[in-house]
Amino acid sequence: MQQVPEFDMSRRDILIVGAVSAAGAAAPGLASGQETVAAPVVGKVILTINGTARALEVDLRATLLDVLRETLKLTGTKKGCDHGQCGACTVIVEGRRINSCLTLAVMHDGDKVTTIEGLGTPGDLHPMQAAFVKHDGYQCGYCTPGQICSAVAVLEEIKAGVPSHVTADLNGRPKVTPDELRERMSGNICRCGAYSNIVEAIGEVAGVKA
Amino acid sequence: MKFETPATTNPIDQLKHIGKPTPRIDGPQKTTGTAPYAYERHDRAPDAAYGYVVGATIAKGRITGIDASRARAAPGVLAVVTAQNAGKLGKGEKNTARLLAGPEVEHYHQAVAVVVAETFEQARAAAGLLRVDYAPAKGAFDLAAAKGSAESPKDPPDSHVGDFDKAFATAPVKLDATYTTPDQSHAMMEPHASTAAWEDGAVTIWTANQMIDWGRSDMAATLGIPKAKVRLVSPFIGGGFGGKLFLRADALLAALGAKAAGRPVKVALTRPMMFNNTTHRPATIQRIRIGATRDGKITAIGHETWSGDLPGGGAETAAEQTKLLYAGANRLTATKLAVLDLPEGNAMRAPGEAPGLMALEIAIDEMAEKLGLDPIEFRIRNDTQVDPAKPERPFSQRQLVECLRQGADRFGWKDRNATPGRRREGRWLVGMGVAAAFRNNLTMKSGARMRLQPDGLVVVETDMTDIGTGSYTIIAQTAAETLGVPLKQVVVRLGDSSFPVSAGSGGQWGGNSSTAGVYAACMKLREVAAGKLGLDPQKAEFVDGRVRVGNDSRPLIEAARDGELVAEDFIEFGDLAKKYQQSTFGGHFVEVGVDAWTAEVRVRRMLAVCAAGRILNPTSARSQVIGAMTMGTGAALMEELVVDKRRGFFANHDLAGYEVPVHADIPHQEVVFLDEVDPVSSPMKAKGVGELGICGVGAAVANAVYNATGVRVRDYPITLDKLLDGMPAVA
Amino acid sequence: MRTFTYERAKSPAEAAAAVARNPGARFIAGGTNLLDLMKLEIETPAHLVDVNRLELDRIEATKDGGLRIGALVRNTDLAADKRVRKDYGVLSRALLAGASGQLRNKATTAGNLLQRTRCPYFYDTAQPCNKRTPGSGCSAIGGFSRPLAVIGSSDQCIATHPSDMAVAMRVLDAVVETVRPNGETRAIPIADFHRLPEKTPAVETVLAPGELITAVTLPAPVGGKQVYRKVRDRASYAFALVSVAAVVQPDGGGRAAFGGVAHRPWRVEAAEAAMPRGAKAVTDQVFAGARPTEQNAFKLVLAERTLGSVLAEARG
């Protein structure tokens, strides 16, 4: 079998993943005699993903998450549970963070969606991404895009005055405190247990000591 | 390179890269979502079809019929693979239960089929059309009920030192208590996932696997093809914790599905299926007996443990640490294994020690209280610098006492009220707990290949994996240190079975062993490079990108002027582990608040002081420890796979039902590493640290809850229902 | 998930008519519970009527001094509304104690009321469940019942209603406004909205087929100290073992409703007269006739202690 390196990891400038020719990948499809017997029910939507409008025809059953990952190949948004129980699929839709696994793509016609790919790139990190690297706010990396999208939105929510479960004065303005960050980030599970570092990273971006 | 005598001064001791807090070199990819995981290989398998796994709906019995006709006729379906049409399948050496059921069903949600379709939505819908009929059989699902039938497994053997029974019977102060730990799930964030593609009778599987070579061997064994025809690739793994040590159903069914569909197929287990389909940490029942003199010297210590597994499976080795952790002339450990028809029990982060210390370190706390001793002082009085069963065999390093003393100072242990239930702050009862951390240091043969490229880049290739542990970075640091090049000049390629076989990620052996293997390969490359430059390899120093012998100094890059230099070697460990006991140690300190009304437990402060050899990268090592402390907190307070003992499965099989800690459960965590180098462990003088952090922390939480409330819970997890009846009056 | 057809409704009455017209049709708003269940084929609608674009997303003052909350007001927006925070603090608190920030951004007021149980056997289609498959049996009775109901249950079902919001609305005497397929509207006191399981646990509310919730109204503010206390195993992002929504007046009187204990928010108004005498006096009456399992009997103790905590906090 052809031996092509799969992934290079280096501290130097970021390598372009996928520039290497595919190794041992696709044999030509043998499925020509097995065409679908009935087309799925589809719907048309226009989604603006990270600033680019995309006109799509989607299976009605497709979640926003699966359209991002499988149709648009934006795999930075992760599928951890597919049931709204982990937060790995968090993206920002019309300025609000949501679980992209629990919403149908067809319900988002005309919506603006920001995914992790829209925040920054390896060569040009968003401040929140840079803070996660600095504070080692991740380990395996799988929940990380969701944590970062959530964190960016959390700071906006606090700025907008949205209270949380731990806000002491319901009628006052919420502040960025470690307890507030922990409560508001609780919809993003990190099984590696990077929580303590994540809160420090967010705190740094918010300009407070966690 | 053979490592047979303790390390002397070597290039690693320069500490230009090793030992420095170093941000992960894979950080920019992980934080931007550009690190590709197993299900995301659009770059490698752009036309992959989708496989959806169907699990058995009985715990034990036989499949009497499968009707796949409706599923096959469903839109987009390319193939339905079941045991009926999969061909003859073997079983991997590391698997207890088969990965594809039929006709026998060995456990709930054991895979019975994979449905392959053009799209995920089609595969999922068609899977719902598959009809499987079963003849259920009676099974054993209750560990407590099966305890009497448990037998001694092959491994580990029971141990007897001195005369435990007599010493315990005659001890002036004694404790005899039974503790239970529940089944637990790894619950890593990335589900088990694989993409498989066949070409010329060989299969490539992009997968999520901690131990590439184990997975490759078992895939070959299961498919009945030569190992050379299997390639596994796992550059990124979204968490493992032992749950991805082995070939699992996703990889096998992706391979079978791809073969049947005639094109690449990707398969991810659904979250609700993971808890019963994959492996878990088995529940234990542990009896601990400790006898001591009135001045707190242990004279007898006995630890017996019971667990269950499928026929042919293994025991949870929860008594093992008790052979080594404390002194005492008369000792007993015993392990018993019952047959249970629950899903396969297997390794989860610190198998053995994690549940073992959850019990032992409560027992030590209880014993200290009986003796009227501070629990730290009791531990110090029973420290041992040698293997208690073989006094001629010392620990290579053992700084447990220092960990506890430093931790006590930093944590403010002196402010703890030894009488439980006395500290109240508002609605909170506050308590502190301590426990020892202990985890053996294992070493594994590990290989690597080095390339010095004409452009000056140094490339490391090894099938080592990075499951969040920081392997990429410590390997780059090791190469940079040994070859005297800047970190940014090192490229690390991991997780590909076409690279030399490494230690892999498990048992906290990966960091030390894999970097030692890279060190060995780097030393080989130094020889080749020096030879190429006409310099004496024995005398050559590799510093600042140059190779120097006396006044003769040449750029390293010149060695590759005529073409890439390649060197390959591995580290192999001799019998130092026989002569020395190698272990890692720590002290866990925890402060909890327990709601005086509702008995909800919330952790307020956590500190771990660790002694684990040379710390290669304090940044990622700290992360390993805080992550393990977090998982241990979950084990102490909330994690339990609830066994439905009538139907034989884990009932709470999703992430809403199986609660793991969230941000709000975890306070700021402090970690201190003591200065330590352990020349007995490897040329790196490092030891494992990835599991030490979970060892003992659960008991520290439990002891803090006791200190806060006066309620001693010996049955994990410590949920509020177990505290309510004993809570002090609120007013 | 089975295939379905999909339409976007243009008016509440049209939406109701569309659902009534299509057997097996369901409304979809936030989708956070429905899609979860559709993926597992616990819900298998043949047609979805997307109501998200209906103009039911406002919170308005009513002429009698209360608030009318549109059915599509998102949980985040309802919790953050200044009037709700000021005058109906228990509702804000209950919402903020539920789910996660991401889910609250999608979940709607009506959808929250219509959440289905989190009983693990309801969620596992291989297991008998009278709520999912009427007549198949209840696996939870005699099985894993720790999180389940202690009162109001039946031999058919011991599920709990998972909402926090609904518990606060119960204590506030909210009213659910609906429109039926024929265009008629009605107002259902929340006390009458959720059913007990009895012999038909699959029927969870009094809504008729096609009947669409358009709003929830809150009566004029009742003042008092308002507390929502949710007790759970982990600190956030978890369903309640027991919760208490309470309004406590300066004279020691007040109201209390309990979550996590029954098939609907549990409130016994007659017991509230006992509130000045303390928690036990109240919970003895509220939980009279409770039928806990061995695994969840602790909830009775916990409910009393939680109310005790709430009363202590309210009386500060």
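When the chains are written out, they are named A, B and C in that same order, and each has its own residue count from 1.
Methods note: a contact is a pair of C-beta atoms (placed from the backbone, for glycine too) under 8 Å apart; a residue touches a chain by one contact, two chains touch by 3 or more.
Predicted model, so just to flag it, every value in this text is computed and none were measured.
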- Write down the chain pair with more C-beta contact pairs when A-B is set against A-C. A-B
- Item | Chain separated most widely from chain A, comparing mean CA positions | C
- Note: chain C sits from chain B at a C-alpha centroid distance in Å of 41
- Message: For chain A versus chain B, what separation do you get between their C-alpha means, in angstrom?
- Response: 27
- In whole angstrom, how far does the Cα centroid of chain A sit from the Cα centroid of chain C? 30
- Residue numbers of chain C (touch at least two other chains): 1, 3, 39, 235-237
- Shared interface positions of chain A, touching two or more other chains: 40, 61, 82-83, 182-183, 186-189
- List, in ascending order, every residue of chain B touching at least 2 other chains. 121, 125, 272, 654, 656, 661-664
- Item | chain B contact footprint on chain C (complex, rising order) | 1-3, 39-41, 118, 120-121, 123-124, 126-127, 139, 142-144, 146, 229, 231-239, 241, 298, 301-302, 305-306, 308-309, 312-313
- Could you please specify the touching residues of chain A with respect to chain B in the complex? 1, 3, 5-12, 14-15, 17-18, 22-31, 34, 36-40, 59, 61-62, 66, 69-70, 73-83, 85-86, 88, 115-117, 119-123, 125, 129-130, 132-134, 136, 138-145, 148, 166, 178, 181-183, 185-199, 210
- chain B contacts chain A in the complex at 23-37, 39-40, 42-49, 73-78, 118-122, 125, 186-191, 197-200, 202, 204, 206, 231, 233, 235-241, 261-264, 268, 270-272, 457, 459, 461, 467-470, 472, 476, 487-496, 498, 619-620, 622-624, 626-631, 654-656, 660-664, 666-669
- Along chain C, where are the residues that touch chain A in the complex? 1, 3-6, 28, 30-32, 35-36, 39, 48, 50, 52, 76, 79-80, 82, 85-86, 89, 92-93, 96-97, 99-103, 105-106, 235-237
- Message: Show me the residue ranges of chain A that touch chain C in the complex, using the header's touch definition.
- Response: 40-41, 43, 60-61, 63, 82-84, 87, 90, 96-99, 102-104, 106-107, 150, 153-154, 157, 160-165, 167, 170-171, 182-184, 186-189
